[in-house]
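One chain, chain A, links the two complexes that follow: it is found with chain B in the first and with chain C in the second.
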Partner chain A sequence: MNPEGLLRWFVAGRRHALPLLALLAVGFAAPLFAVIAFSFAPPRTFSPWQTPGLTNYETIFAETYYQSFAWSLALALITVIILAAICYPLAYGLAKVFGKWANAVTLVLVLPLFVSENLRLYGWILFFIKNGVLLGTLKYLFGIEPESWLFTPAMTIFGMVYVYLPFMLFPMTLGVSMVPRETVEAAADLGANRLQVFYEVELPLAMPGIIIGCLLTFVLAVGAIAEAKVIGGQSVIPIVHDIEIAFTYSQNWPLGAALAVLLMLVVGALVLVVLRRFDLDRILKRG
Partner chain B sequence: MTGQTSQGMKALLWAWALAIAVFLYLPTICGAIASFGASRYFLFPVPNWGLSWYEKTFNSIEIHQLLKTSLLIAFMVTIISVVIAFFGALAFARYDWRGRSIYQKLVLLPIFFPQSVLGLALLLWFNALGLQMSWATAVFAHLVWIVPVVTLVITIQVYSFDPALEEAAYDLGANRWQVLREVTLPVLWPGIFSGCLFAFLLSWGNFPLSLFTTGADTTVPEYLYAKMVAGYTPGVPVLGTVSTVGAGLILFGGYFVIWVLRNRRTG
Partner chain C sequence: MSQQSILQLRGLTKIFGQLTAVDHVDLDVAEGEFFTIVGPSGCGKTTLLRMLAGMETPTGGDILLRGKRINDMPANQRPTCMVFQSLALFPHRTVGQNIEFSLKIRGVESAARKTRALQLMRQLRLPENYYDKPVTRCSGGERQRVALARGLAYDPQILFFDEPLSAIDYKLRKTLEKELKDIHRETGKTFMYITHSLEEAMVMSDRIGVMRSGRLVQIGSPEQIYSHPQDKFVSEFMGEVNVFDVRLNGDGRLVSNAVPGSFVPPRLPPDFTSGYLVVRPESMRFLIKADQTENHVRGRVYNEYALGSRIQFQVRAGEQVFVVETLRQQMIGGRRDDDVLIGWNAADSILVTG
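Now for the complex of A and B:
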C-alpha cells in the first residue's frame, strides 16, 4: 500500500481503536491460543512447544468430567432464571419509576461489584454458620438450634444469585429504559390490560437488554468457582474447580488447558451467536 | 391507568429495591459485626466487643505490604486503562468507520468471558513467553478485563457528545491539541471520571485475575482468600471491612464531587 493509501485506510476511528485492539491481541487472543496450544501438549508437561497429541482430550472423554460440565451449566441456567425474575421489577423501577433517585440507588447497588466475591461470600458464612448471625439470633431469642444450611448445592445457587445480581440488573435496566413511555401509554389507551402491556409491549422492546443480561450472567456463572468452594462446601464440583485442580494439585497443565478449551467452546459459541444479532449503538445510547 | 405507575405499585417497587439492597449488604454487615468482636472466634450475639483486631491488623507489616501492592496495581491500571479506553470509546461511538461493528463486539469479548479462565490463560501465555510473574504481570492481566469495561463506561458519555462541537472549534482555528483540551475532554470528563473510579475499584477488588498472575506478590483479596481457607482470624473481617468501606468512600465521594461540580456549572 502506498503512503497515501495507508493514510486513508488509517482513518480516525481505526487510529483510535488501535491501542485497544493491540491490547486485546496480546492480552486476550494470544493467551487463548496459548491455552489451545497447551491442550495438545503431552500430559504433565510445562511447555506448549512439543509434538501435539490428543491424549488430554481422550482422558477427558474417558473420565467423568462431563458431570462437572453438567453441574456448571445447570447451576448457571438456574441462576439466570432466578435472577431474571428478581431483577426485572428492580430494573423497571430504576428505568421508569425512581426518577431522580435512580442514580443514587444505582450507586448503592453497584458498590458490591467492587468488593471481591470471596469476601462477600464469607459474610454469608458468618450469617448462616452455627452460632452465626441467623442461628445465633434464633438460639438467643427462641432457644432453637436448626441445622445450618451452609455447604449444600442450594447454598451454591444462593451464592451465585447473590454474586451475579448486578450483571443481570444493569444490562436489564438499559433494556427497560429503551421502552418508550408513549408506546406503553398508547397500548393502554387502545385497551390493553396490564398483563398484555407487559407481554406484548414492554417485554419485547426491553428484550435486547434482557438477553444481554442473561448472556453475561450465564457466561460468568458457568465460570463460577468461589460460590461452590466457599459457601457450597464443595458439595458440587463445577468445571472451573476441575480446571484449577489440574493446574495446582495434580500439576497437569495440559489437561487443565484441554478442559478450559472445551469450556471456552461452549461460552464462545453462545456469545458469538447471541452478540452477532445485536446493534450495540442502539442499546448503549440512552434515550 | 396502565401507562402511569400507581402509588401502590411505586411503594412495592421501592420495597423490592430496599429488600435487594439489604440482601446485597447483609454479608458486609455481618463482616463488620465480626470485625468488632474481641474474641478469636465469631459468636453471635457478640459476647464482648473491642477494637483489638483493628489494632493488630494495622500494626502488621505484612498488611502494609499487601495494601501497598494492591494500591500500586490499582493506580497503574487506572492510569493506563483510562488512556486506552478514552481513545477506544471514541472509536466505539464517535467515529464512523468500516469495521466498527465488529470492533464493538470484540471489545465485549473479554467481559463475556469467565475471569478465572482468563487468569489461567494469561498465566499460560506469560509462562510460554518466559516471563516472571509479579505485580507488573497482574497489572497487564487486570487491563485485559478492565479496559473493555472502562471503554463502555466512557462510551455511554461519548454517545451524548455532539461531534459538531469539535468541528466548530476547528473552523474557529483551533488546532488538534486545543480541540482535545478545550472541547473533547471537558465535554467527556464525567464519563472519564466514572471510568477512573471503575478502573481503580475493579482492580482493587479483583481476585480471579490476581490469583494466577501476581506470582510472589500478594494483593488484599488474595490474602483474604488464603486466610479464609486456612487460618481464619478476626483480621479477615477487619481487613475486609476496611477494604469495603474504602471502596465505598471512593465511589460515593467521587460521585458527590461530580454532582457538586455539575450543580455549580448549571446553577
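Now for the complex of A and C:
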C-alpha cells in the first residue's frame, strides 16, 4: 500500500472509531482520571485541583479497611467457585445433551433475572424472614422454628450466585461447546475412563470459556453491593459498601476515591495473574 | 478363514429412527488383514466402524472379537483403536503428549512413555525434535502421522481408519497410502479402513467390501472386485466405466435401447436375459476397420481430456456417451466432431445385473 493510501485508510479508520472513542472518553477515561485525581486530594475536600498527597492511602492502611477488602474478595471467590460447580453440568447439558431443548432451558434460567433487583431482594426477605413465607409455614405446619438464614454472609453469597449465574453459564457453555465431540471419543477410544476424559480433554479444551466466565463473575461479584446490604443485612461490610459510605454518608470523596483505586489495582492484578497463568490468547488461537 | 478370524460380524444392524444405517452385515476379518470398506457417503460405513470401535451401540446382531461378543464393551475397554477422519488430535497437547496419551492413561511412567513415543516417531518418519512441538503447528501430513502413532501406541489388536486421508491433497495422499501399507506390513496388525475412494482401497487393501445402503454388496480381493463386479453399482463405483442396458436377443447377441447395433456377449451368467454391459475405458479402442474388434459402434467425438500419460475421449453413440481412453502414443484420429468407429472385444466386457 502506498503512503497516500495508507493515510486514507488511517483517516477513515480514525473517523469510524470516533463515536466509540467519544463514548470511552466520557464514560470510562474521564471518571477514571477524576477518581485517581481525587484519591490524592486532601481528605474531605471537593476539588481535585489541589496539591496531591498520600494522606488518604495512609488512612486506609492505618485503619481496618483490609477486612472489607478481604470480605469482598472472599465473597467474590466463593461465589465464583459455587457458580463454576453449578454451571459446568448445566453448560455441558446446554452444549451437548439438551439439543433442541437447550433454548427452552436457557429461557427458564434467564427469565427470573428479568425481575428487577429490588423486587427480587425484598421478595427474598419476605420469603426467608422469621415468620415469613418459608419459616412461618414450617412453624404453622410442623411447629418447628429454625433460625432464619437472612442477614448472614451465606445469604449474601446465595444472592450473588443467583444474580451472576448467566455471566458464568453462557461463556462456559460456549467453552464446552468448543470441545470437539471426536476429541472426546478419541480419548475414550484410547482407554480413558469418564473422569480421565474430563480432566485430560474436556476441561482443558473448555478452559477459555470457563476462565472468561470466572473472571466476569469475579469482577462483578467484587463490585456487588445490594446483596450484602439488603439480604446480607450488613452482617459483613464489603469494600464497595465502604466506598459508598465514604462518598455519601461521610462526605469524604478523596478517601472513597483512594479505596476505589486500591480495589481496581487489587482486582486488576488478580485478573492479570489469572490471564497470564492460562494464556488465554494462545488457547483461543489454537487450531 | 474362520479359525483365524479376529473379527466376526453377524447380522450387525444399526437403526436410527426411520433410517436403517447398517443392515444385517456379516463379515469375517482375518488376523493381520488390511480390510477396506468402500461406499458412497451415507452408505453406513462410518456407522459400521463406529459400532466396531464402541462409539455406537448395535441395534441388532453381534460383534465378535476373537470369538468373544463385545457388543456391550465400552470403547475405552476395547482393544481396538480408531484414526478419525478429523484425526481428533488433542489440540492443547504436544506431538509427544498426543502419542503418549494412552500410555499415560495406563499409568506408564514418563521415561518409558517417551522412549516408546520416540520409537513410533522414528517409525513414522517424524523428526525427533517434534516431540515438544504443539500438534497445532504440524502440517496436514505430519498430523496424519501423529494420529497413526497415537493409535499404534495404544497397541490395539485392530486399528480402524475412518477416511483419514480424505482431506489431504492428491500427491501427499498417494505417499501416505503407500506408507500406511508399509506400516501395516511392519506392525502385522489388523487394519480396517473405510473410504469412499475405490482407488484408495485398491492400493492398500488385501480385501475390499463394497457397501451400499447399509449392506455389504460384494466382498473380495481388489482383483476380484475390479474384474468381476457383482452388479451395476459396484462396476460404476470403480470410476469411469461404460455401462449400458442390454438384453439377450434370439440370435445369442446383445441388443441395447441406448446403443445402436448388436454385440457379441462375454461369457453369459446362467439364466441371463437382461442386465448391463460394462466396458472399461481402457478396453475401448478407436478402429480403422470394423472387424478389428468383435464389437463396434459408430459415434462422434464430443470432447477430449488429457490425463497425463493417457488421453480420454467422450464419444457419443446413440443415447450413450462412451468414454474411451488411449495411451498418448497410440492416439489415432479423433478430433472434436469427427465421426469415428470405436470397439471392444467381448472378453474385455462384463455382464452384470441391475
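Note that in this section the second predicted complex is superposed on the first by the 245 of 287 C-alpha atoms of A that agree within 3 Å, B and C clash if a C-alpha of one lies under 4 Å from a C-alpha of the other, contacts with A are read in each partner's own complex, and residues count from 1 in each chain.
Criterion: a contact is a pair of C-beta atoms (placed from the backbone, for glycine too) under 8 Å apart; a residue touches a chain by one contact, two chains touch by 3 or more.
Predicted model only: the values in this text are computed from it and were never measured.
Touch criterion met: A:27 reaches chain B, while chain C stays clear of it. In the superposed pair of complexes, A:122 makes contact with chain B only, with no contact to chain C.
In the superposed pair of complexes, A:205 makes contact with chain C only, with no contact to chain B.
By the touch criterion defined above, A:214 reaches neither chain B nor chain C. With both structures placed on the common chain, the touch criterion links A:180 to chain C but leaves chain B unconnected.
Touch criterion not met for A:255: it reaches neither chain B nor chain C. With both complexes placed on chain A, chain A has more residues touched by B than by the other of chain B and chain C. Once the two complexes are laid over each other on the shared chain, residue contacts for A:190 go to chain C alone; chain B is not touched.
In the superposition on chain A, A:150 makes contact with neither chain B nor chain C.
Shared contact residues of chain A with chain B and chain C: 185, 187-189, 192-193, 286.
Residues 53-55, 74-78, 80-82, 84, 86, 88-92, 101-102, 104-106, 134, 136, 150-151, 154 of chain C are the ones that touch chain A when the two sit in their complex. Considering their complex, residues 11-21, 23-24, 27-28, 30-32, 34-35, 37-38, 46-49, 86, 89-90, 92-94, 96-98, 103, 105, 107-124, 126-127, 129, 131-133, 136-137, 140, 162, 165, 181, 184-185, 187-189, 192-194, 197, 215-216, 219-220, 222-226, 230, 240, 243-244, 247, 253, 256-257, 260, 263-264, 267, 271, 275-276, 279-281, 284-286 of chain A touch chain B. By the touch criterion stated above, chain B contacts chain A in their complex at residues 1-3, 5, 9-10, 12-14, 16-17, 20-21, 23-31, 33-34, 42-45, 83-85, 87-88, 90-97, 99-101, 103-118, 120-125, 127-128, 140-141, 143-144, 147-148, 151-152, 155-156, 159-160, 201-202, 204-208, 221, 224-225, 228, 236-237, 240, 243-244, 247-248, 251-252, 255.
Contact residues on chain A toward chain C in their complex (touch as defined above): 180, 182-183, 185-193, 196, 200-201, 204-205, 283, 286-287.
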